[in-house]
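One structure follows; several queries about it will come next.
Read from first to last, the chains carry the letters A, B, C and D; within each, the first residue is number 1.
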Amino acid sequence: MPQEILLKVSDIDAYYGSLQVLWDVSIEVKTGETVAIIGANGSGKSTLMNSISGIMHPVRGSIMFDGMDITMMDPYQIVTLGISQVPEGRRIFPDMTVYENLRLGAYNHRARPKREQSFENVYQHFPILEKRKKQLAKTMSGGEQQMMAIGSALMSDPKLLLLDEMSLGLSPIVVNELYYVLKEIRSKGITIIFVEQNVRRTLEEAERAYILETGHVVLSGSAESLRAEEKVKKAYFGA
Amino acid sequence: MNEIFSDIATPVISGILLGGLYTVIALGLSLVFGVMKLINVAHGDLVIFGSYFAYSIMTYLGFNPVLSLVAGIPLLFAVGFAIQKYFMARVFKRSMEAPLLIAFGISLVFENLYQILFTPMSRGLTTSYSLESFILGDIYIPVVYLLNLIVALIVMIALSLFLKKTFIGQAIIASSQDIRAAQLMGINTARIFCLTFGISAAISAVAGVFLGLTFPFTPVSGIPFLIIAFGVVILGGLGSIIGTFVGGIILGLAQTLGAQYISASAQMLILYVIVLVILAVRPQGLFGR
Amino acid sequence: MKVNPHRFKEFIVIAVVVAVLAVLPVLGLPRTWLLYIFLFFIYLALANMWNLLSGYCGLISLCQPAFIGLGGYTLVIFTWNGLPLYMGILGGAIVAAIFTMLISSAVFRLRGIYFAIGTLVVPEALRVVFFIWRPVGEQIHGKGAGYMIKGLNDVSMTHIYWLAIFIGIVSIVIMRLTLSSKMGMGLAAIRDNDSAASSSGINIFKLKLFAFVISAFITAIAGSIFYMFQGYIAPESGFSMKWTMTMILATVIGGISTEEGPIIGTVIIVFLHFLLARYAGISLIIQGILLIIIMLLAPQGIMGFARKTKIYQSLLRLTAGDSI
Amino acid sequence: MAETTILSIVDVTKRFGGLFAVNDLSLDIHEGEAVGLMGPNGAGKTTLISVISGQYKPEIGAVIFQGHDISGLPPHRICRLGIARTYQIPHPFINLTTRQNIAVAAMYGKGIGKTAAAAEADKILDIVELTDKKDVRAKDLEALTLKRLELARALATDPKLLLIDEVAAGLTEVEIPNFLNILKRIRSMNITYIMIEHVLKVMLEAVDRVTVIDYGIKIAEGTPQEVMEDEKVIKAYLG
């Protein structure tokens, strides 16, 4: 299947205040791929994700999505184009119901007409959300909140889904469930970039990965080749 | 009915009705506070803007002040929208103090404009019904006080329907709970902020008219009403319309009961002391978490 | 300790300026001019004390008029009871300082903008108190609850003028001493990062209270001197928000968090007063607009702007001190 | 050598909302020891540090430092008793220079005058190898330098016990030996420390004993080598 490049991040430098956190970072993601970003705390993973979703803007370099330059766009414009981010730490609207949370996911003009269909789609992936739809989001368990956060992102009818530390603080059973749904989502042709702490698991779930260290891409390649890489073994598996 | 009963019933009923006015004054402040975490110190001056606008329409065109709202609401909406768009939005990210200081500048400009245009003399919106009272046994209640409560209910219901049922309303609520997450939902939060400020000012237009019907006002009345609004907001907790209503009624009752049983001249002092005590004891408000 | 030659030069310059200003009344300068110089030093003291709190401690205080009013009213109460004027001024400062300690445990629980609004309530409440309360007899002069200040017959205008210069200079010296001391460093740390400050052993509450008390003390004295000049105080003016506006305008226009800012800002404010003496309303509108423009375009004020220029940089290099 | 206990954490529980951040945790630290704290993100390590240093008050349990119950004391009192901490995300005084940052901590933490503090600052600048940056304002420092400044500021308060929250995160291979040298210097100053760290290499070399926590509960304890081989630890980290 000929794959075209969906996202191209070229040589970006990003700062947090006056502090540089990304140096010359480039990544490329093809349509339909599942790509992981791996790195220690403070390596710049979240900054990279936030630069793609428009929450931060890089100081140098460019980000192209689906043939458009989104480098300096605001998050709401980027969402409308089809990139949806599930941010770190399950940022949901605690005092709204599950239904209202999901409905907001379809806020952008492109997704609004397809709302009913998207609801069905999300309820199919996460049946629990339909059962809980009248419940306030804050009263749900951590796992259910994460499902809702992913559900909201799917409501925006994304082409590219960004998942930042999806399994943080969740029990292994829930994490397994989430990865299972992720496979379903991939099968529908949605491209996925995800950031994780758990290296071994990540390299099982992703097709390709980029490894960040203090804001630099130090390694990249297929998950298989990275698993075999000495350096990765040493740094992350303690072997 | 005996005299003791009417002695207490009059301040209680008028306090509750007055609470309606305080609720309307506070709703706008609460909305901006809830969404942008900004205390607009020019809020009182926007309310007084509404009062003077109605006063001008009444004096120069002879219309009923309530009718002036047809023009007053859109005008103040535009003023609020513009304040957010051209002033607050630019300094919003810089620090907490910067919007506060800008609001101060706006307050200074408004107050002195009122001084120049309307003189420092105290004004009021006097209408055919403003001196009338309705009588329940021995109890006399001014008609405007009743109007205050009715208007409060209308504004509250309209606002909560708007927030609950419309997309923009939902976007406003989402932004108040988590701005970052709201942006990632595709909400243009900068625009939502402008709309929120505009709606807050539009509610102030309503508040201004009924304030003018109830009390005399001067160019510097903004500060005491800002403090009352602030008191209502911290009493009622953030972002809750019902909470604001409860806070408004508590302050209304405190004022009328204080005037009756302590001293008429100390009624404002009682409100201020309540605000200070709440700040000292429960800065998160009575109903806050 | 060795004397820094640059600081010594600075001291000489200030001494000469003060001496010249001090002899002006004797030389027969027009009264209106003296009035503006008087106002300059009063406003300067007020602005410096607001800058100490807002610019250096991150406490946006809107209760400064409370100290001014308390200073003025204490002066009234003292003089009506036959006590000397100077004791009244000192008494006012002490009352303001004690009052600060009383409210501190409440207002220090509030942060940032909440602190600002919390402190806004204080002068409004005091205004109502002094509107109702007749501290010295029932004699009412003019409207409301205003009082004449007694015992001013023996005090000349020149005398009051000197007092204003004195308190203005004292406020500069206090700023200098505070900021170059251990306390100044502690305050800078709190303003930059209060959790790190507290885990570096800084007692945040104590240090903030100390600054608050100093600010109240000097503000009350400046207020008393102003009302000595005025001869009359009423609750509407004594506890008026207009005082807060003046301090904010002078400090922000000149440059908040800089030592020179309030001086430059006060010059501009007083000059505007002078230019538009007959149009007070317009003058205030202009000041309000100026405040907004400064906040939008140059939030660091005129000093912040000047600091970026090359001339200032080279001046700074010339006068570099021996601080840590 | 007779071991004296410098710090005892006794059955400490700290919740946020309904969530247990630290759950009935007990830990003894002996004088002169270097102890590592490990655990996945969100396991409650930083919360534990904040409970010891006084930012949080434990709901249940006590923190005993040199025989005194310090739980619930304000941070500045705890600092003056001899416990200093660093923050995972650097908390510099941004408008002060490096030297001033250290000096202010010495002034208040140690209770000394300005001149003495300046001399102290120079000494510590040497220890953490920051002398060349002494007149740079903290806001102009880069991330890794700020981390060293965190350490320096904590040292300036003359601590008996130092709590180090992920200072090595983000260091490159080359910088790690250098950092280990600084830690050695700290140990030679008779300072006990507790260190949260993800970089295994640092952990292995810089601590005598490791405690692993997950979901606020202690799951393993032992020498670094023992802990690395513990089944539960591997599971917690690698899923």
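Rule of thumb we're sticking to: contacts are C-beta pairs under 8 Å (C-beta built on N, C-alpha and C of every residue); 3 or more make two chains touch, one makes a residue touch a chain.
Predicted, not measured: the structure shown is a model, and the values here were computed from it.
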Chains in contact with chain A and also with chain D, listed by label, are none
With centres defined by CA atoms only, which chain is the most remote from chain B?
D
Between chain A and chain C, what's the gap in Å when you average each chain's C-alpha atoms?
53
Express in whole angstrom the distance between the two chain centres, defined as the mean CA positions of chain B and chain C.
32
Whole-angstrom distance, CA centroid of chain A to CA centroid of chain B, is 43
Multi-chain contacts in chain C, i.e. residues touching at least two other chains, fall at none
Which residue numbers or ranges of chain A touch two or more of the other chains?
none
Interface hub residues of chain D, defined as touching at least two other chains
none
Interchain pairs in contact, sorted by label
A-B, A-D, B-C, C-D
Touch list for chain C against partner chain D, complex
181-182, 185-186, 188-189, 191-193, 195-204, 324
Which residues, counting only chain D, touch chain C once they are in their complex?
53-55, 74-76, 78-80, 84-85, 87, 91-96, 99-100, 103-105, 107-111, 113-114, 117-118, 121, 138, 153-154, 156-157
Any idea which chain C residues touch chain B in the complex?
54, 60, 105-107, 109-110, 112-114, 116-118, 120-122, 124-125, 128-129, 131-132, 241, 245, 248, 252, 281-282, 284-285, 287-292, 295-296, 299
Listed in rising order, chain A residues that touch chain D in their complex are 17-21, 40-43, 165, 167-169, 172, 175, 197-201, 213-214, 237-238
Residues of chain B that touch chain A when the two form their complex:
167, 170-171, 173-174, 177-178, 180-190
